[in-house]
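You will see chain A twice below: alongside chain B first, and alongside chain C after that.
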Partner chain A sequence: MVQAAIAAPALVAVLLAAGGRWLPRPLVDAVATGTVLAVTVLLGAVLAAALRHPVVAWLGGWRPRGGVSAGIPLVADPMAAGLALLVAVLTLAALVFSWRYLVEVQAIYHALMLLFTAAMCAFVLTGDLFDAFVFFELMSVIAYVLTGYKAEEPRTVHGALNFGVINSLGAYVTLMGIGLLYARTGQLGFAAMGARLPGQDHRLVTVAFALVCTGFLVKAAAVPFHFWLADAHAVAPTPVCVLFSGVMVELGVYAVARTYWATFAGAVPGAGPALASLGVVTALLGGVMCVLQRHVKRLLAYSTVSHVGVILLGVAALDHASLAGAAYYLLGHAGVKSALFIAAGTLLNRFETLDERELHGRGRRMRVPGAVFLIGGLGLAGMPPSGLWAGKSLMDEAAERAGWWWAAPVGVVASALTAGAVLRVWLRVFRGVGPSGEGTDEHEDTETGPRMSRLPWTMLAPAIVLAGGAVVLGLITGLIHGVSHAAGLFVDQRGYVAAVLSGGAWHAASEPLHPWTAAGVIGGAAGVVLAVPVAVLGLRRPAPRLLRPAVDRLRAAHSGHVGEYAAWLTAGVALFGLLLFTA
Partner chain B sequence: MSHLPYLAAGWILLAGIFGMVTSRNLVHVVVCLSVTQSATYVLLLTIGYRKGGTAPVFSDIKPTGKVVDPVVQAMALTDIVVNATVTALLLALAVQVAKRRGTIDPDQLRPLE
Partner chain C sequence: MSHRARFAVFVIGVAGLAVLYVLAAFRLPDFGGRFHPYGERAVTSAIAERTKNVVSSVNFDQRAFDTVGEELILFASALGAVVLLRTVRREREEEAGEHGYGPADVFDALRLTGYALLPVTLLIGVYIVAHGHLSPGGGFQGGVVLGTALHLLYLTGDYPALDRLRPVPAFEAGEALAAGVFVILGLAGAGLVIPMNAMVGLEVGCAIVLVLTKFFEQALLVRTDEAGKGEGT
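And then the complex of A and B:
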């Protein structure tokens, strides 16, 4: 069942790539959407089974004998199965949106989207570190192609190239780490490696952890590995952005968490503080950069950087309650951010530009995208009962218990900055508030071909469903309990190793978690209240003179120069390693 | 066990990164990326090396003979396939950059902001 969820979209992708050019476009759409729908149902069944007992499938039937494995497992615990299901649901939304949005694409686009889904699901479900590297590269290569899909635009190919070089470099550093681990343990499976890690040289294990995490942190766009993200998001087709921001970037954090708990738990004492430092810097820098943007997609891209920083901070607490919060935050963020990207896509379709100032007041009559921006902004601010709020509340409570009093304010600042920027766009574009500005007169291709007189429901419905779902997530108590159960299993290394290697029981006792605490509600309210001045001040034209040198320096650092990005990456690896050793 | 091959792998990685950072040509950047990946081949083959071992092909030798680790060789092969894909794609993108922007010097490309 687990294998089928990965094999089916890959197989259909190959068929579409080979024969799709002779099929009419509606049929291609139907085949692709139908396949993803089938995958969604299949993964739903996997999740239901995983909630009873995690599913372990050995490829080719190479089961372990006597606790020793020579095969490659796929492990569907509730967390992995749930994340794979999220991938499928978002792909479904992106494909439905593409029906009318990307009118000029060929069947090869659908084939790539299916293959991308398969690669992401496989990356989530694999129980083998080397396979994780292979699927990481597969998913990355397809992501480069999808980013550069409109190859006739100069920005597009430049963004895709930066994305490709930096991500691949990160992946190779990860492979070096995998090599070191294999040299020590003679194993490649997460579980098999984890079982043999105790008693190894502490320094070597720490270095290996730093190297393995590098590629995943590049994918997760943690500062200073984040430079590629905005370049790629600003130029990728909108449905692809939905998948990038909604789930692909977050898979990087998932991979760090999986590698830590399945393999390294307890062996790298510095992991928590080191990851937390990166998380804090990422959350804050992403928020600041978000406020400074005027290109709507770039703005949303930096907001993703900021929110992934918060998720990383949640994971870094290395505690199951905090992890549950991070997972819930991820879920809420995926819905809100996907809906925002779709709404931005409708703007691009209408006005052939995404420059916020040029769009001033022009969205007054677009009621649905306007509502999505308002709801999305409030959701990002952490307004109860949104999914982001519920996740944040759980994370803050866990951080408080760990003595990390600064975690909650960092989250509030990040939410206020990113939400303020989105609300500013809403005020300026959809309400016509503030002075009208002259634009850069740089027009972009609409991605859609001809302009539409009315937005079709296939473009609006996914945004409404995703945004609407995300802002009421905090009310679904059953889901919160499910996620906390999943997180309880996720952090239980002994259970994971036993379940994978000897088919043993894997039950984690987890107390039910409740986001409705006084501190949580106050934190959410603080995010919303602080977002308002950020939005209103942002409507005034220039940045205050005092801050201008700092702002210019920040902008100059995000130069689009691939060599500089590579230098930052190297410095980041060194810094992360140093933090691991000193913290 | 000699440390030299491990140092060589690290050296190749750093040399590749140095090339990428200082490069004035996108094709050169992509080739430097391949160089960094070559470091992973060296590392993997070093890890699997056994002194006096032969290639792990059992068609004409006794299975009891000493061989080098076949797992890392499989990994290196997979790695090479990945490298071919990535390099081909990135070179194609570099060609597109040259066509659309008229330059492949990263310093000359305008920022994407």
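And then the complex of A and C:
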């Protein structure tokens, strides 16, 4: 069953690539959407099974004998199965949005989207580190192609190239780390390596952790590995942005967490503080950069950087309640951010531009996209009962217990900055507030070919469903219990190793978690209250003179020069290693 | 960031990376030790499955899922070449004969050698694919030989002949179907080294031809209409 969820989209993808050119466009759309719908149902069944007991499938029948195997396992614990399901749901939304979307080389676009789904599912479900690397690469290759899909624009090629170079460099560093682990343990599986790490030289273990995580942190766009993200999001087609920001970037954090708990748990004492430092800097820098943007997709991209920083911080607490909070936050963010990207796509479709000033007041009549921006802004601010709020409330409580009093304010600042920027766009574009400024007159492709008389429901429905779902996520008590159960299993290394290598039991006691605490509600309210001045002050044109040099320097650092990005990447690896040894 | 600042950041980073790597290399196992957990496991497993070539057994049996991923990477890359190197709006493809990449004026000896080597090279490619489970080689290596063999025609200066010999839709379909069969074999089957080798050979051969085709088109046929921009030599 788990295998079928990976095989089905891959098979339909190759069939579409082989014969899609002879099929009419509606049929191609129907086949692709139907396949993803089937995968969604299949993964729902896998998740239901995994909630009863995690599913372990050894491919090719290479079951371990005496605790060793030459093969590769797929491990569907509730966390992995849930994430794979999220991948499928977001792909479904992206494909429905694409129905009226103009694509050249049409069937290949659908084939790539399906293959992307298969790659992400395989990456999430594999129980083998090297195999994860292979599917990381597959995911990346497809992502580069999808980013560069509108290849006629030079800046599209530029964005895709930056993405490709930086992600590939990160992947090589990960491979170096895998090599180190393999050389000493003779194993490649998460569980098998983890079982043999005790007794290894601690320096080796720490360095290997640093190197393996680098590629994943590049994917997660943690500072200083984050530069590629905005360049890629600004040029990628809208449905592709939905998948990138909604789930692909977050898979980087998932991979760090999986690598830590399945293999390195307890062996790298510096992991928590080191990851937390990266998370804090990422959350704050992403928030600041978000406020500074006026290209709507670029703004949303930096908001993703900021929120993934918060998720990384939640993981870094290395605690099951905090991990549950991070997972919930991820879920809420996926819904809100996907909806926002879709709404941005409708703006691009109407006005051929995404420059916020150029769009001033022009969205007054667009009720649905306007509502999505308002709801999305409030969701990002962490307004109860949104998914982001519930996740943050759980994370803050866990951080408080660990003595990390600064974690909650960092989260509030990140929420206020990113939500303020989105609300500013809402005020300016959909309500026409503020002075109307001159834009850049830069026109972009509408992504639909001839202008449509009105926005089709296929473009609006996914945004409504995703945004609406995300803002009430905090009310679904059953889901919170499920996520907390999943997190409990996720952090149980002994259970993981036993279940994978000897088919043993994998149960974890997890007390039910409640986000409705006084501190949680106050934190959520603070995010909303602080977002308002950020939005209103942002409408006034010039930045205060005091801040201008710092702002200019920040902008200059995000130059689009791929050599600079690569230099920051190497420095980032060294810094992360240093933090792991000293923290 | 100035060139010098960029270089400084890079040097600091690489130096740090080097230090990390040296730290990891302390307490290396002794040279020529007897600790080879993976090798022992892979060899025993391969022999138990009666596959003579252990490398093939690892690639196509024990860790077939990795190879599925690698196959799909190649497949996606070929699709990527088709998408990214397509003739975009401001470009146009040259009409046949406009420039005349026809049979070039080369030595008869070169042409004859190319024509004679083509069938031989194809045969060698098939041989390498077919014997992958017994001897060094296999689908990946044989596929590369197959894919490059066709391009002997280009080396003989006969681009039109090469063009006739590789109908792009057929190669696209061949590549895709081979990848599809491989996914099924890799996820469902076990111990299917021979058919998997054949599928990899087909996929790799087709993918290489496709990617090279796109690059040839880009270099030889595609022109931007804006004068001076992207004009090839």
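Note that in this section the second predicted complex is superposed on the first by the 580 of 583 C-alpha atoms of A that agree within 3 Å, B and C clash if a C-alpha of one lies under 4 Å from a C-alpha of the other, contacts with A are read in each partner's own complex, and residues count from 1 in each chain.
Note that a contact is a pair of C-beta atoms (placed from the backbone, for glycine too) under 8 Å apart; a residue touches a chain by one contact, two chains touch by 3 or more.
Keep in mind it's a predicted model, so treat the numbers as computed, not measured.
By the touch criterion defined above, A:499 reaches neither chain B nor chain C.
In the overlay built on the shared chain, the residue A:36 is in contact with neither chain B nor chain C. When the shared chain is aligned, no partner comes close enough to touch A:289: not chain B, not chain C. In the superposition on chain A, A:234 makes contact with chain B only, while chain C stays out of contact range. When the shared chain is aligned, chain B comes close enough to touch A:175, but chain C does not.
Look at A:144: by the touch rule set out above, it reaches both chain B and chain C. Shared-chain residue A:71: touches chain C; no touch with chain B. Legend: residue contacts after superposition of the two complexes on their common chain; A:483 is shown touching neither chain B nor chain C. In the superposition on chain A, contact is made by A:154 with chain B only, not with chain C. The interface of chain A with chain B overlaps its interface with chain C at residues 130, 134, 137, 141, 144-145, 148, 151-152, 157, 160, 176, 180, 182, 188, 559, 561, 563-564, 566-567, 570. Within the complex formed with chain C, the residues of chain A that make contact are 3, 6-7, 10-11, 14-15, 17-19, 21, 59-62, 68-72, 104-105, 108-109, 111-112, 115, 118-119, 122, 126, 130-131, 134-135, 137-138, 141-142, 144-145, 148-149, 151-152, 157, 160, 176, 180, 182, 184-188, 201, 203-204, 206-208, 210-211, 556-557, 559, 561, 563-564, 566-575, 577-578.
Those residues of chain A that touch chain B in the complex are listed here as 130, 134, 137, 141, 144-145, 148, 151-155, 157-162, 164-165, 168-169, 172-173, 175-176, 179-180, 182-183, 188, 230-231, 234-235, 295, 298, 555, 558-564, 566-567, 570.
Residue ranges on chain B touching chain A, taken from their complex, read 9, 13, 17, 20-23, 26, 29-30, 33, 36-37, 39-40, 43-44, 47, 71-72, 75, 78-79, 82, 85-86, 89-90, 93-94, 96-97, 100-101, 106-107, 109-113.
Interface of chain C with chain A (complex): residues 1, 6-7, 9-10, 12-17, 19-21, 23-27, 29, 35-39, 41-42, 45, 58, 61-66, 69-70, 72-73, 75-77, 79-80, 82-86, 88-90, 169, 172-173, 175-177, 179-180, 183-184, 186-191.
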